[in-house]
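Next come two complexes built around chain A: one with chain B, the other with chain C.
For the complex of A and B:
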């Protein structure tokens, strides 16, 4: 490891300028639980500058508005997310994911924004956020833009941010009435592990809470990027909440969409099996939450 | 937690005082090997082989040596020639010197990925690291032999071209990766199988697993101009490091002083040397002290796990439930150099059972993986996984209760092991009875996909040389000095045995583990030996001191020693008992009545008492994902005498925790190219607190007649039964008998689906 420069700009503008100037030699730093590990093992040899984003107000804000929904600054640590009573109440599907990243110690530093930007196929918050129809607010040298979460990751470890661009916040619409969401992952241990497979799901029910109006399903660890499976949602639209065949059809659609690899964490067959099981289980929880049970 | 019955005959033994070294550890002030700092200290880094098998054609270190800040670069050429076949004792295993030397720095071949090839000392760790990238090694890559069965085949790539197979004690003329094939036999198994009504035969595979100590290896050396070498390191045996380093470097042992630091776990993994000779050579070459600290990945790639294995077990029993014959074959991956614990495994395999007709074959096989090291009851856990699974299947076939079956077949005093020795007083029956009477065993397990398993285990335990000094302080406390690294609370256990003899509370004893110049020879911390042998040394040293104290009291009272009685920390003058002196009063008068007093003892503790344990485990398996949760676990173990019951329970729980990890998720995952794919604690999955139930403990005390307080070793046997107990529980939970470790979710699910009772 070589010597590193550390900077902590106080404004978004300064951070963007700095990152644009340094290009590949600079990396943003949120909690550092990904980037510091990567630097240490030599996985980012070109980096010589870390740009700490935790002093920038737009990135550390966490607020909820019934019309605007959730504003989740990209550098807010998971512990602040799950310790916030409003977020807990409104977005249990996000809490599911934020609460299981690493361990209590990791959650004190690790941010949701960092998890998203790290763009790991196994990133736990990403399928949960896709299921919740989250969008990414991005700022850069050429202004700001907003992208749906499902488009943000482009390859393992890669996202669509251009030179100098920063993820400022993740925004999640206010939950629709009678909606529910959940995230489940499979790991061989009960903590400190990387998802062998993960499934985020959300459902919106009709006012009688008998039928599914719409649903979204997204997967972790079974493709080069987190995967949004529209076919799974379509299999559920208009179906009764008790329609196990429809839930199985959604699970089958998820399995069909999954394109896992075999590695030390699991084989293709095992991961496909898990996607089916987890999709069913996640949907059951999401429906239960939507029904207020 | 079940505790021992109070022992009215003792005042200190069996109590639970706060450990003497606890405070420093809790507040982070204890000094571990990486904490050593001194003026002029250089940092060393090790260059490691990227190939599992290759010939080293040349090493060019000139560029690295020229880098500013680099003070020395060394390779195997710097190790004084030790092309010797002499055996070097590693405590629980042994190794040929030339192999030990190549494991420290590779000679003309590398035999595993991660093997040390060269080392650099520089003014900073970063410079040393950069220098590594400037060393050019020209390798001729060779095909590797990566697992035991492949390596045993004729035509497999040979790791050591000159190695001849040893068979049944004779050197053959056969060039092979099989370093040794041996056999233990008792009676005639073929006859025994004829008497059997049921016969079960199974094959087992287990993956290499790591000891999982928290503290990575680290060592610092200083080589003075007078030729005296000082080494600070994290080791289980400072005297062992002394002799290994002296032999490798061809210097007198007396020139080497080893200062053991506090040790963050070892479990057998810190018996052989890795860094110590390297920093010593660098210190000699640079004239500066040199320190090296391994990263976690280096620990995984460059030091020894316990071996992977292939095992075959065939056992027969008659309708009454008596085992009539047993045949066991153990094939262990020694790693790059011979010396797996297959011998110990073979001796332990059938040790729980009194058998007339049995045979055990052992094969020590070299493969292109890390040279294996000891791990808690080395070899016994592998063997128990195989044998206890087959015993469980015999019980199933005979519809017999697993504990009753073991009571019927289990060993008692006088019975002989297959490898010869007869048991002295042992507590296997008492362990089995305690398990049978435990609420865990008696409470039915309900619920879907749940099952309860039972397994037993044996470990020899060890003794050996140990030394102890006890010096009186004027305030009535004593300083106790000993030489065995304290990994499991042995300072407290040893201090308590001295305190018991001296009639003082444990906190009046200050125990210290000192360097090799400051205490007589003490063999290493291994084989569950320290509380036994160190305790015996402390007992004898305390007796020695007591005798002198009585003489001093007699002198003060102007009488003879036989007129002084010492009881409960008080000296009394017979026959009237009117004159009395407390221990503290006498301590205060020593300097004015003839001078200071100290007791000492150096012993060779021989009366070792073997250990038996049994584990009951309840599991629940998720049939859709294959994930297994251990719901409840109880371990029953014969401790002989629990000096400090909390530390005995801690050892029992720790062993079960490691055994459950071994059972469910731990494994060295090798790619087809011979690279360990998971050299981090993220992907090498030891159980976390959330993965384990509260582990209930029952200490059984069948006193070892070979120790004044009845102590047997306790550290190792608790890891032996858990993998089999978990496998046996899984069989009852889901109807599938798992024969390969780890029983990870993917493997369990595949087994469920193969059996056809999986459902989506």
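For the complex of A and C:
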């Protein structure tokens, strides 16, 4: 690994100033489980400074408010997310993804915000967060902005953060009444692998829990970025929770939107098949959770 | 070369200071600077778990932690598992169940198993297998390791019940 400087600013302002000054030569550090590996294999030769964000209060806070929803600081490790009783109760769709990433060792370090910023097409938390209508709270030299999760990733390993900008937190609205969400992925092993395909889904049901008011579906590993499939949600709006034809229509829409590649993990045909199956299964779980089963 | 950084930390209960380069991993520092060579380097990218240590009580792969991040933290390595009175029951169970061959993965497995049994004294076999999924062994086929952890769990509870 190249020679590095390490700095751990205590305020967001200092971190932004530093990152803006150094440009591509600086890289934020949260859990480090992606960036340290990338540095070691020589994939980021321009980096000479790591800016540790774990001493900044805005990035390490995890809190829930019934009106504001979830504030998930970008440097909060996966283990703190899935060990939090409130998050477990309110956002099982996020827990599904946070518990899947790497080993227990990795989950002790890797942050959800880091998974998002790494912008891998296979990043497990991203489709789960898109399904939950999450937004990215960003701060930079020119102030703050908020971006829907589905717009954050722009290409494999690339996101829309500009020079000096930091993902401060992921915000998730408080769950609507009678709503549910889930994330599933396919891997050929039982654990410790990268998604061949993944599907996050959420549904909101009417007060009788008989009809789907709205739904969101997002996919992993089948496009250059995690993919939000609006057509899949539209296929379900107004449909009965037992309407298997509507669920199939949503799955068909997801398959149509997927544009996977063939690589060592799977072929185009296999990934499309997986998207259909996983969309149906994820929707079934989301509906079941929304009905409070 | 970047200036070396002075780090004050606690390793296996003892206040420790060291100098390291910012790019050095905690694993490198433990082995090459502090002289604790029990933690092993397998893959150096967080896959194999041979370098597993407890970092403020949380198990992590020390190859994916920077040495400088240890400032003010509490680190437990395999060297901190046994007591002057003897081996830890998990270490004893690994011996009695022949749960190792070459031994490179063993320190990581023992630290990881201790992290599990400290939190959950009586885990199921499936829970043990999932918890230890981040520790790779190329010799044993895992079965004896799992049996050793189950054995240790049983014995530790018997001791507690006494």
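We adopt the following convention: the second predicted complex is superposed on the first by the 293 of 293 C-alpha atoms of A that agree within 3 Å, B and C clash if a C-alpha of one lies under 4 Å from a C-alpha of the other, contacts with A are read in each partner's own complex, and residues count from 1 in each chain.
FYI, a residue touches a chain if its C-beta (ideal position, glycine included) is under 8 Å from a C-beta of that chain, and two chains touch if they have at least 3 such contacts.
Since the structure is predicted, the reported quantities are computational estimates derived from the model, not experimental observations.
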Exercise for review: Answer with first, second, both or neither: which of chain B and chain C does A:191 touch in the superposed model?
Suggested key: both
Review point. Touch check for A:64: first (chain B), second (chain C), both, or neither?
Key: neither
Exercise for review: Considering only the touch criterion stated at the top, classify A:6 as touching first (chain B), second (chain C), both, or neither.
Suggested key: second
Review point. In the superposed arrangement, does A:33 touch chain B (first), chain C (second), both or neither?
Key: second
Review point. In the superposed arrangement, does A:274 touch chain B (first), chain C (second), both or neither?
Key: first
Check your understanding: Given the touch rule stated above, what does A:266 touch, chain B (first), chain C (second), both, or neither?
Key -> first
Review point. Thinking of the overlay built on chain A, is A:50 touched by chain B (first), by chain C (second), by both, or by neither?
Key: second
**Study point:** Doubly contacted chain A residues - partners chain C and chain B
**Key:** 1-3, 190-192
Review point. For chain A, which residues are in contact with chain B within the complex?
Key: 1-3, 186, 188-194, 196, 263-267, 269-270, 273-274, 276-277
Study note, to complete from the structure: Residue set of chain C touching chain A in the complex reads 1-2, 5, 21-23, 25, 44-47, 49, 52, 55, 58-61, 63-66, 68-69, 112, 115, 130-131, 133-135
Check your understanding: For the complex, which residues does chain B have touching chain A?
Key -> 126, 129, 624-627, 664-665, 669, 677-678, 681-683, 685, 687-688, 690-691, 744-746, 749-750, 760
Check your understanding: Hey, which residues of chain A end up touching chain C in the complex?
Key -> 1-6, 29, 31-33, 36-37, 39-41, 50, 52, 79, 102-106, 108-109, 190-192
